[in-house]
Amino acid sequence: MLPLISLILATLVLGTVATFFAGARSRWVALATSVVFLLEVAVLFVNYSGWPGYNGALVPGFSESESYSWIHLSWLQINYTVGVDGISLVMILLTAILQIATVIYSWAEERRPAAYFGLVLLTCLGSFGVFVALDILLFFLFWEAVLVPMFFLIGFWGGPRRRYAALKFFVYTHVASIVMLVGLLALVFYSGASSFDFSSVYAAARSLAPVPQTFLFLALFFGFGVKFPMVPFHTWLPDAHVEAPTGGSVLLAGLLLKLGGYGLIRWAVEVLPNGFHVSQPILFFIAFLSIVWGSVLSLSQRDLKRLVAYSSINHMGIVLLAIALDSSLGLIAAVLLMFAHGIVSGLLFMTSGSVHHTFGSRDIPAIGGITPTTPALSTMIMVGSLASLGLPALISFPAEFTALLATWNGLGYWVFVPLGILVVTAAFYLWMMQRMLFGPPKGVPIGAHDVPWYEGVGMGILVAFTVLFGVLPGLLVNVIVSSPIKGWPGP
Amino acid sequence: MTDLPLVGFIGLSAALLAIGLFGILTRRNFILLLIAIEIAMNATILNFVYFAAYTGGTAGLTGQSIAVVLVGFAATEVAVGLAIVLALNRLKGTINVAQATELKL
Amino acid sequence: MAGLSGILEWAFLVPLLMVISFVVVGLAGTRLKRLEYGGWIAVLFAGAALVVGVLVAAAEMLSPGQYVNVQYTWFQLPPAAGTFPNGFRLVAGTLVDPISALMLLVVTVVGFLVMLYSIEYMHHDRGLARYYAELSLFLAAMTGLVIANNLFEFFLFWELVGVCSYFLIGFYYEKPSAASAAKEAFLVTRVGDVMFLLGIFLYFYTYALAGPGNGWAASGFVFTNGNQPFLAGAMGGNSTLLTVAGIMILGGAAGKSAQFPLHVWLPDAMEGPTTVSALIHAATMVAAGVYLLAVTSLFLGFTATDQLLIVAIGGFTTFFAATMAVVHSDIKRVIAYSTISQLGYMVLAVGAGFAMVGLFHLFTHAFFKALLFLAAGSVIHAIGTQDLFKMGGLRKPMRITAAAFAIGGLALAGIPPFAGFWSKDDILGGVYSQLGTHPLYWPFFLLAFAAVFLTAYYIFRAWFLAFSGDGPRDPTLPHAHEGSWVMQVPLIGLSALAVGSGLLIFWPNFQSLLLNGAGAAGIPPVFGPTDLALSGISVTLGVAGILLAWRLWGNGRVYVLPESSWAQPVRRLLLNRYYFKVGYDWIGQRGVYSVARAADFVDQFVIDGTVHGFERMFAALSERLRRIQSGVVSDYAAYVVAGLIAVFVLLLLVAPYLVTLVGGA
Amino acid sequence: MILEELAFLVLALVAIATAIAALLVRELVHTILWIAVFFVDLSAIYFLLEAPFLGVLQLGVYAGAVTVLLLFGIMVTRKRIFSREAATGIGAVPFALAVVTFIFIVSVVGEFPSSAGTIHAYSPADLSQNLFNVNGPWLLLLGLIMLGAVAGAIYLVREGRE
């Protein structure tokens, strides 16, 4: 069979390298890479015939898997092992969508376009790698590979406080990475796994006693949680978002935050069930804290990007809550929510970037009544906001509905916390829209016109997917449930 | 064959190592430093020799072989050390290590 | 008529047609200037939807009691250990049964007429493509809600209805008051939505494994099984959980139907175009709450506690809203308060166990309330003001409008033979028959009864102020004139319905439709004026209200309450709407927003401050620590040795101790 | 037996005394003298341990070559060969470290049998056999390092390098 995943990786690597050296033509190279990537992901989707079962597959439980020995010592077995299941497939689709949307949106990037597009592609390459890696070292390599391009995207193309933001971002996530690395290595060596492969770690670590599992789990959770980001380790996010260029923000919110969620599901929850159960109260506490904190803080923000950033904290809090529930419904909801949030927050960050380009400011009170000037942009903001506050027929709704239903099933009346916060979420988006989109025009520069075609197309792609998967969430759910999460027999 | 107590030898080499260490830490003259290092080194070699003598057989022979190699190493080290002494002397006009603080940032 | 029944499976065409209309008008509307920016396209589609809706209703009425369920799986989870052992499924489907056929008829008829009326009424406004697209989407959502066959789908359309309403209220978005009213409407209903969602969860959870087949969860949470409620066993269930679920559903309905204490948004929602008020805030959207209560009551059942609470909310709101309508001078607001009050009657009926009677009132109310709004719109269109005290004498130039408003008013006041009489009388009679259930039914029954008088008074106060007298009180107003046929046809059509829809009750098929709608639940209603004494009192109260209005405001009179009157404080209280809005604003501004600001401060200075504190601490520490980097080799050697000793100590002393402590891992 | 133990005791005491003396005397040249005595003393211990080849090696390399090299170093770096070293006190921390190290090593002694053991003698022939066969790689490594050291030393002392 065709080594599809390696093919995609090769495409991305070649495309990224070519983009770096393509000079003025780099945007075309990046676009071509993105298109090919999307097509290949589509093939991967079509090719994916469901869960292969524990027997017969090269890597138990994963389709399209490939495994080649990489470092082979008596005490160290590191392989190049990749594969997908339903969860990673959905995340890969998200990567492909966001990549092409970002590349098109940033079409007119003037400052060193080759480096910019190369770094964008590199971020997506790293994320893709994280989603397919089934070997701890491979996973960690890709994980770190995402940090570096993002650091430069913020640090070079960012706003006035970019140095501070980039450094903060790097320090936070890197410290988390180190704790996570310790956890991952301990996972291998303490459990006595025969190799770094997911399947052998999975087999060896699941049977550990609760106490060591708890320590391992907490170490991993810290590493993934800072990426989430969980309160109180969240303050890097608003700064990074505000200072990052639009494309960087989109990838940061759309992909980087998802790495944390994906990693938590793949490497911690599945592998260390006992530790997970012991830590559940901690997870719940942090999840509720993040939900409330993110939402309440959004209410007081003046900067559009900051508002969206804090709402990301709120949404990822719900993801964490859904994961922490330890139910099949919760996991489905978590994956759906991550996908939904990736698309929607990407859209919202694009709109805030466009607001900045068009009006020279993102200060909500300073801008008003922009709808007559920029009807298309205004529509995009509305669609994004409404999707984010959970309007039906848009993608977040089935995800949030499932998450809340799972919360009710798992926690009972505690569901009032996220439910009540839904009102606050609605409030800050509606207030933002009331102030910015409606009312008499204010702060609109002379000669302001609607978004250029490339920004429109970039946002349009995301809007299209928002509606498509909002109306037909079954497309995603069927893929997600084909994974053997929580001991399902598979379809 | 003669019999000698192992404990005494270990005590001797420990004492020599401690003295050498003390010298390394306190002496500021480079040559004295070298001498202190040699004392510590000799303590080590002595260790090899008497353990070889007590072990016997091929393993003991290997111990003595290592001792021989170590003597060679020690000599080499002194040679290089003295070369450094000369270089330092030319550079600084002194062989006081306290004044050679290039390691400090 | 067996052939016509086939149409019941095609009920989904109604929302589908309107969605297509939304897409077409939304995408192409701005380029279709000659078609009223897509307005005529929307009218065409609404007409087609009307045809389907009427056919569906006719098919249902001609052989009442049909339950036709069509569905496809939206998404499903395989059976999993734990949460839902038999699997979990959400379906998208349509259910045509007596109540949804009735509602479908209401929505499509009123929707079509309003759409047609808009062509002229909205002609001079900008952004018409947006208007017609949003109106189409609204109709799609509302009809979808009406024929939804499960709670989840119901909620989906429920939210869509809410957001369409948000856009339509905020249609004149340049006006800050309109933008604010739109936000307020969305937020207040959102509070209800959240409660509704929790109610759904509670029902899902309680009944997930109940019912035929593999249980409710596995079959997609549908309402019915054949023509019986899917959860026949759930009826009359009485547990804390179910009571809470019922309260939550009530909360959702209160948000949407503007019941106390979530009523504040509806009067402000009059910031939207009058057509929107007619369609959304009188006839259809606000009816969704009542419809939800009816559906829950019929298919899931309320506990006795819930019923008492519903009666309380409904009965109180009926009177509460009517008092506020008495003093206001804005013609649309008066009608808006009357809507809240009338919705209270419906809620009251559902609470007392007469869900179908409540729906009957919804049915008649939709027509005469839409009529009132469109008549008011006609007035506003003609003279450009909404202030009753500036109007006057419009009877002469606008005969059709005056007559239409009068017919609507008589129907609202409950004067026979107009529609409102029959339905309101049934409600009052029904509640009267249930007074023995609980002593607390009494006060709310009396409040609802008292509201009859107020209703008649305030609506004819409005009529006399606007239409009687010799001419406008404000001479600067433009000369009034009647609209063209496009505006007259809806007025005439709705007038006919405002008279006739109540008389339908004497058609046996219609009666049997209402009876079958009850399924196995509720108390079978008795139709028509059964208790003549009760009817007599209520009609007398209505007539007395009209006479009082004539005495105070008739023939161009204007009654001014003396400054020294004891009633002045009451009037101020009513004009300020019992200070509810002020209070809610205070909670929002002072409460929530202050908390948010405080949290922002904590985030920036405490959390980030801690981080920066660490940063400074490490910086200071490193400033100290770098001094040990003397550059002298001996010092470094000392550190190496110290480190080595530390390692040895750890390895040889501490580690074995730890091992003995853990007990050997 | 007692004679050998006595001899060891004396040799050990002398070794410790000369080592201390070498580090503590002020005159650098005296240091060289003391260290020479130390080397010879150790050589005697090797003979006592019936390792004659090492004993000779110690005499040749240490007592001979290294001592001369050190002396040479002093001569090159000093204007006058007899010059006093500036007083350097016995720092508390280094002293403590040294003492701790000593105690530490001695504390491990308990692991070894305290009774006297038989000393095995090896002829130089056996040793060389072993050195050039089994441990050949070590020797080769030593050779390489020495080569490198020579090159490095020459590089360091080369004239005209600034």
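Note that the chains are named A, B, C and D in the order they appear, and that numbering of residues resets to 1 at the start of each chain.
Definition applied: a residue touches a chain if its C-beta (ideal position, glycine included) is under 8 Å from a C-beta of that chain, and two chains touch if they have at least 3 such contacts.
Worth saying up front: this structure is predicted, and the values here are computed from it rather than measured.
Centrality by C-alpha centroid: the chain sitting nearest the overall protein C-alpha mean is A. The interface holding more C-beta pairs in contact, when B-C is weighed against C-D, is B-C.
One inter-chain figure worth recording: chain B and chain C are separated by 92 Å, centre to centre, where each centre is the mean of the chain's CA atoms. The distance from the centre of chain A to the centre of chain D, with each centre set as the mean of the Cα atoms, comes to 64 Å.
Centroid to centroid, with C-alpha atoms defining each point, chain A and chain B lie 59 Å apart.
Taking the mean of the C-alpha atoms as each chain's centre, chain C and chain D sit 97 Å apart. Residue positions of chain A touching 2 or more other chains: there are none.
Among all residues of chain C, those that touch two or more other chains are 638, 641. Each of the following residues of chain B touches two or more other chains: 21, 25-28. Chain pairs that touch, as defined above: A-C, B-C, B-D, C-D. For chain A in complex with chain C, the touching residues are 212, 231-232, 234-235, 293, 296-301, 327-329, 332, 369, 371-372, 386, 390-393, 397-398, 401, 404-406, 408-409, 415-416, 419-420, 422-424, 426-427, 430-431, 433-434, 437-441, 473-474, 477-478, 481, 486-491.
Note for the complex: chain B touches chain C at residues 21, 24-28, 33, 97-98, 100-105.
Residues of chain C that touch chain A in their complex: 73-78, 80-84, 88, 90, 152, 155-157, 159-160, 163, 166, 170, 173-176, 178-180, 182-183, 186-187, 190-191, 193-194, 197-198, 201-202, 204-205, 588, 592-593, 595-597, 599-600, 603, 607-608, 611, 665.
Partner chain B is touched in their complex by these residues of chain C: 626, 629-634, 636-638, 641. Residues 1, 4-5, 8-9, 12, 15-16, 19-20, 22-23, 28, 31, 35, 38-39, 42, 45-46, 48-51, 53-54, 57-58, 61-62, 65-66, 69-70, 72-74, 76-77, 85-86, 88-91, 93-95, 97-99, 101-102, 105-106, 109, 112-122, 126-127, 130-131, 134-135, 138-139, 141-142, 145-146, 149-150, 152-154, 156-157 of chain D are the ones touching chain B in the complex.
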